[in-house]
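The two complexes that follow have subunit A in common; it is paired with subunit B in the first and with subunit C in the second.
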Partner chain A sequence: MKESLLEILCCPLDKHELELEDAEYETGEDDSEEIIDGTLVCEECGERYPLEDGIPNLLPPDMREESPA
Partner chain B sequence: MADQQDPPATDDLARRADVRDTYDEIATHFASTRAYAWPEVESFVDAHAASNSRSGTRVGLDLGCGNCRHAELLVDTCETVVGLDASAGLLETGRERARERGFEVALCQGDAAALPLATNTVDIAVYVATLHHLPTRRARRASLDELARVLDPDGRALLSAWSTAHDKFDETDGFDTTIEWTLPGGEPVDRFYHIYAPDEFDADLEASDLDVLEWELSSGNCYATVAGSESDLSE
Partner chain C sequence: MGLEDRRDLETDVYQPAEDSHLLASAVLEHLSVDETDLVLEVGTGSGYVAGRIDAETDARVVAADLNPHAVRQARTDGLEAVRADLVSPFADEAFDAVVFNPPYLPTDPDNEWDDWMERALSGGEDGRAVIDPFLEGVGRVLATGGVVYLLVSSLTGVDEVAAQAGEAGFSAVSVADESFPFETLTILALYR
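Coming up: the complex of A and B.
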């Protein structure tokens, strides 16, 4: 995921902005920087959303699958 | 207002998660049978490709993107195209298609009834063959309001849902059903569908925050072209 996408993503519950924590970056084929791993945290409610393998999981927490070991 | 037959909201989320699990299970085979964009979607994208002012910073959204065959149509006229789906398995098929065909899509796992996108950010959206997988009327109506929220007032979206007008169905009222998907080994997997009566689809749209611009029945599907709501910015 490109960091600029954070400008349009929001918390699915209260629609407030998300802050990126614990980010790991990787440089893609076209030299652009991608976030590969991290956590997106709602600035308002504090809910934490995983970003794994380059894809943010912004499902409401009750719909999120149990994270595989 | 929720329908009386709707279960409590907690069940609602669990049932949406079930639908997600179903598509995780069938993702690879399902996507392999979905190679081509729908002509109705191509026409919509052609008609609205550059019809509003924010050229250069346009954001496109494929809601219920599956393998991103429709996201692919948006990349030429949008700076950013978001492909959103509840199923991680389907998002993987989208990533694969984007890689093979050389287009760029920002993938995001999310729920169509609780969109993780900021208000008035989307200029063009495609929401086809997805709404009918939301298992309650409450979730479907919430989803329409969510689309209205994220869509710019000058933005346009194409919606479709399967309807009782299709030859396959004898019913005239909208109803819930499951339709089997058969995996290559012969294993059947049930998928939830709500089959809309055309007037029910129309009524749900009218009750939503969306502004309905055009409406038609085509190939047994209800289609609507809609605009976002004006009121959001004042909130």
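Coming up: the complex of A and C.
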């Protein structure tokens, strides 16, 4: 994801801002830099959200599992 | 993307159909945005509608879905993708437009098959199990003067959805509709 996306994301639980930790960057085909891996941490409640393969997973923790069942 | 992956996507991700085409063309006809504007597609599925808006307007487009297969497809297709439950992880007043083709088919609870395709189609017993919480939440992420484009089927009830939108503080205007053998699809524009 682009770092600028962080400005419009928030913690799904309490709507506070997220801080990026352990970020790994990659330069895309159009020379723009993207965050490819890392963790988004709520500045208020401390909940941690994974960012993998360039996609932030901001589902609430109880919905985070891969399977729909 | 190989054939095998494509086949998996057909079972795991809702692929563009008549409803997707109607929503995309209605949005592109009515939405006026520039390069400073932000558009969110909720439940992007294959990313078809978000992709059209991204390609045919100057706006920055964000594609969100609950389904991990859908967000991966959207990202592969060059869209900014976020795995999200409706609008819950987006900042207040972030978007100038929000677009949603919701799961809307009324479903007997005994008949639900509980996989990603069911999640993409089923709107619960009254067809509004996803639409109602969307309408409650979407106002928070909408900028002043922002608009919501929502696809509604006659199977779900356009009047019922418009009434629910009214309770959430919106006025609803029908901007497009199209009839099919078993349903009429309507695109509602919601304004505050």
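Here, the second predicted complex is superposed on the first by the 65 of 69 C-alpha atoms of A that agree within 3 Å, B and C clash if a C-alpha of one lies under 4 Å from a C-alpha of the other, contacts with A are read in each partner's own complex, and residues count from 1 in each chain.
We take it that contacts are C-beta pairs under 8 Å (C-beta built on N, C-alpha and C of every residue); 3 or more make two chains touch, one makes a residue touch a chain.
Computed from a predicted model, the values in this text were never measured in an experiment.
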item: Partner chain in contact with A:Lys15 - subunit B first, subunit C second, else both or neither; value: both
item: First (subunit B), second (subunit C), both or neither touched by A:Met1; value: both
item: Subunit B versus subunit C as contact partner of A:Asp62, first or second or both or neither; value: first
item: Footprint overlap on subunit A, comparing subunit B with subunit C; value: 1-2, 5, 7-12, 15, 49, 54-60, 63
item: List of subunit A residues in touch with subunit C within their complex; value: 1-2, 5, 7-12, 15, 49, 53-60, 63, 66, 68-69
item: Interfacial residue positions of subunit A with respect to subunit B in the complex; value: 1-2, 4-5, 7-13, 15, 17, 49, 54-60, 62-63, 65
item: Subunit B residues touching subunit A - in the complex, by the definition given at the top; value: 10, 13-14, 16-17, 20-21, 59, 80, 82, 86, 88, 91, 95, 106-111, 114-119, 121, 149
item: Contact set on subunit C toward subunit A in their complex; value: 38, 62, 66-68, 71-72, 75, 80-85, 88-92, 94-95, 114-116, 118-119
